[in-house]
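What follows is chain A paired twice: with chain B in the first complex and chain C in the second.
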Partner chain A sequence: MSYIEIEDLSFSYTGKRKILENINLLIEQGEWVAVLGHNGSGKSTLAKLMIGLLDPMSGSIKIDSTLLEEETTYEIRKKIGIVFQNPDNQFVGVTVKDDIAFGMENLLVPRAEMLEKIDFFARKVGMSDFLDKEPASLSGGQKQRVAIAGILAMQTKIIIFDEATSMLDPYARAELMDYIRELHDEGITIIMITHDIEEAMLADRLVILKEGKIHADGAKKQLLGQPEVFETSSLELPMAIRIAGMLENNDDKLKAVKEYLWEFSFDR
Partner chain B sequence: MGIQFRQVSYHYPSGSINFYPAISDISLSIAAKGEFIAIVGHTGSGKSTLAQHMNALIFPTSGEVEIFGSVVSKRRDKKVKYNDLRQKVGLVFQFPEYQLFEETVEKDIMFGPINFKVPVEEAREIAKKAIVMVGLDESYLRRNPFNLSGGEKRRVAIAGILALDPEILVLDEPTSGLDPQGKKQMMELFKDIQDKTGKTIILITHDMDLVYEHTSRVIVLNDGLLVYDGSPDALFKRDDLAKYHLNYPETIRVLSAIKERFGVDIDVYQKDAISAANVIRLVMGQ
Partner chain C sequence: MKNIVIGQYIPGEGFFYRLDPRTKIISVIVLMVAVFLLDSIYHLLVASGVAMILLLVGKISIGRVFRGLRPLLVLLVFTFVFQILFNRQGAILVNETLTLSATSIVGVLFLTVLWRMLARRGKFRFLLLLMYLGGLYLAMRYLTFWWQITTFPFVIYEDGVTMSIFVIVRLVVIITLSTVLTLTTKPTDLTQGLEKLMRPLKVIGIRSEDFALIISISLRFIPTILDEANKIMSAQASRGADFAEGKLKDKIKQVISLLVPMFIIAFKRSEELADAMESRNFVPGKPRSRINELVFNRLDVLTSVFVVMCLTGSILIRVL
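Now for the complex of A and B:
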């Protein structure tokens, strides 16, 4: 049995056009999966279904052997958390402290324990000095870190990042990616929804969605060797691998450069 | 004509004692026609503040901005029609699609012209032209903006600004959140608008690949100061960009890594994958 089991999942807003169609996906504990797809491919819808923000039209989602349905939504949200694209859309509190507390309040965590956890996780994301500040006064990167502290405080074993870096500048983005790497090292299962291949390069496995269906699913290295998979789904390969793909194989020196270009892409 | 900044500074919050400068002592000149400019710099460097001065959305704390002959300074001047300046310089905010609110695309695009007292029939004609200019066809005019894809919504929002027929178009992060295909199409759209109308286009962006490949001039801000104003080619040949928190374009990074690893003399200043592959062949191939 897998940690996350998605079976024959379909979804439609109107009953007519399907946003997602027959999605089958098994994810193991501790995996780092990047879900890639063009705008409108259904990747964010998949994230919303996984945390029970939307109900499937058909099919099922099981997380850690619990079937996701109305009665279990509460149970499921103890297992899986999500960080959205726009940090402004996820703030509800007057202070950073309130915001980190929000998820725990919903889970009825006792007050003393909650205060302890706020301190602990604010320190963990480097936001201890900001606890009494208004979320609105923070930068985009700081806001995302507060959102992550709130999710971490709920101690979910799975975190979905739904285009969580797309509104950040390159430095805030790199910082957040480093932080996600730490979480992964601690055993948290990471699902990263993105259309940025450079970001996806940090994952172990790529799932590519195209027009609501799974277009490809496999180990990163294996899929990167199939440029047509990317070309047919409006995605781009990393620059170094694109260049490597243009170089000939019949020359030893060029072969060495090609190998190096692959190394370069994987070591970022 | 165009826009001239003369020693412009702006402090937040305006007029307060505990202010901090968002931009300091900026002087620069932007032509009304034919420029394709990128404004770059880390978050908080003052890019958006600079852009908001370009159509008198905010007023300098000191210095002055001349916009198509009208001078904007700290004091309001009753003779200056600030609203008219906002028509001359169209400002498209980040994620402009969040600001769509009408029930049809047509009404959304007509909103600006009608605000500027253009008769309804004329505004309707303008909407037809504007939707075509952003690469969508007239059938979109009857559609509800909320049923469009993210990239389409953004085009509609840009059409709403084009409907005012600004001389200069300023766009804040117009490609953020778009997939690679959408990004490419958006840049083609700007090039197309420029080819057809000659309007000066100014982009605020973090994407150095885009700056290198598409623009002809870069303005770099760092902590509110103008630290570079010139060609992208000369900018990326400098070796001190890290101090401005800027990255190098990906082609330069990849080719520089090859140069170092294989100890070869390779011209790293290539703008796309094809020319990068060509220089590698030239140096490494038989």
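Now for the complex of A and C:
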């Protein structure tokens, strides 16, 4: 029994062209999975299906052995949270405090407990000095951190990041990745939807989507050994692999550089 | 575009800031009724004295309140002029004959042009308006030579003057009261107060929680959307659009070039927001717990007693 079981999942908006086709995916508790894909590969649709914002055409999704269907969405959403791409469009509250509280309010958490949790999780994402600030005075990275705190406060065990860093500047992006790494270390299952290969390299496992189908699925190191997998799904390889490819079949010194680069990029 | 102040709220401390928004809303309504019940100028002056004392107690600067009155100056002047010209009761105070002649018409036109030109500069607009009205009177009173077209009487009655003062003082007092409310209450607290007060409407099928959520989300998105409007305006300006000048027809075109993208983006936003809310387990109509709680304390009791006393007072004055 895996933690997340996606079985034979297909989805289509119109009934004709399938956005997702026969997706089978098992994710264990505590895994860090990057779902990679080009624009239109269906990766964001997969995220929306997993949290019950869209209904599958066929197939099933089970989270912690609960089947996702209309009656169970409320229970499922206690276990799985999502951080979307646009920091502004997911900020519901008038202040940081209100926004962190929003999900807990929906779960009928008593006020005293909410205040405690807000304090705790705001500190955790480094936003405790901003509790009474309005979203207009926050940066994109800060808003994303508030979104994470809001989800953590709901005691979710799985967090999906749907291109959550794509609207941030490089500094805020690196900072957010650090927070994600911390969450992973605490045992939260991370599913990162992205088209950025360097970002995906932080995950343990890569799932590559191509035209609505799973093109490749495996441990990061294993997939990096097969560069053709990336090339055939119009994804750029990580810089180190590209350089390594250029050095292939050359003399021993260059091989040393290759090993060094590999170590530098992935074994840190 | 950061730190936009929505509404008139000014952060501060003082008596009114510590009151429950529900108390404030109801008090303002009750006090307004009390003011409307008064029908003599003397009682009204007492009421405005009480309003002044309230401002002092709340440490609210009178200048602030009067700045809140500014948008209503035109209404006040209009009320004043209307009462003076059309009230035909009491003793006659002024009885003059005004003339419409070639010279007075030229005078009126000249004054109008002068007034508009000076008003464009944007300073002392109210003073200019008063001077313009006075000028009109003087022009029609004394420029009587050449081609008299027609004459008409200009009569001011005593009641016209007292009534106009009465109406204006009443408006000022009422606006002062509501300004105290909006100056000292956060828009979010105001909506929460309204939500609680509108609870009973559930009987006729209006869910006040939804209503309050809609307002608080709107408030939250005002700065975001303003920011966006600015961005789109810059984008359109860089493509040659000019929002400041041009003929009316051109201006309308420019505004459309702003509104269309704004609407499209707003719809996309609302869809994404709905997704975000739903994924955080929001179900419309389902009960929710609240992070912000309203507390009714001793100050609120005190205020309520005071307000009831005011209302009883004005009812007694009215009846006796």
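Just so it is clear, the second predicted complex is superposed on the first by the 264 of 268 C-alpha atoms of A that agree within 3 Å, B and C clash if a C-alpha of one lies under 4 Å from a C-alpha of the other, contacts with A are read in each partner's own complex, and residues count from 1 in each chain.
Just so it is clear, a residue touches a chain if its C-beta (ideal position, glycine included) is under 8 Å from a C-beta of that chain, and two chains touch if they have at least 3 such contacts.
Values in this document were obtained by computation on a predicted structure and should not be read as measured data.
In the overlay built on the shared chain, the residue A:Gly150 is in contact with chain C alone; chain B does not reach it.
Of the two partner chains placed by the overlay, neither chain B nor chain C lies in contact with A:Val33.
Of the two partner chains placed around the shared chain by superposition, chain C is the only one that A:Gly81 touches, whereas chain B remains out of contact. Of the two partner chains placed around the shared chain by superposition, neither chain B nor chain C is touched by A:Ile190.
By the touch criterion defined above, A:Ile63 reaches neither chain B nor chain C.
Once chain A of one complex is fitted onto chain A of the other, the partner contacts of A:Gly103 are limited to chain C, with no touch recorded for chain B.
Using the contact criterion defined above for the overlaid structures, shared-chain residue A:Ser234 touches chain B, although it does not reach chain C.
Across the superposed pair, chain B and chain C both touch chain A at residues 86. If you check the complex, the residues on chain A that touch chain B are 37-40, 85-86, 139-141, 163, 166-167, 169-172, 195, 197, 234-236, 239-240, 242-243, 246-248, 251, 253-254, 256-257, 260-261, 264. Residue ranges of chain A in contact with chain C, taken from their complex: 48, 51-53, 74, 77-78, 81-82, 84, 86, 88-94, 97-98, 101-111, 114-115, 118, 134-137, 150-151, 154.
Against chain A, the residues of chain B that register as touching in their complex are 42-44, 95, 149-151, 176-182, 206, 245, 247, 250-251, 254, 257-258, 261-262, 273-274, 276-277, 280-281, 284-286. Remark: chain C residues 1-4, 188, 216-217, 219-220, 223-224, 227, 269, 272-273, 275-283, 286-293 touch chain A in the complex.
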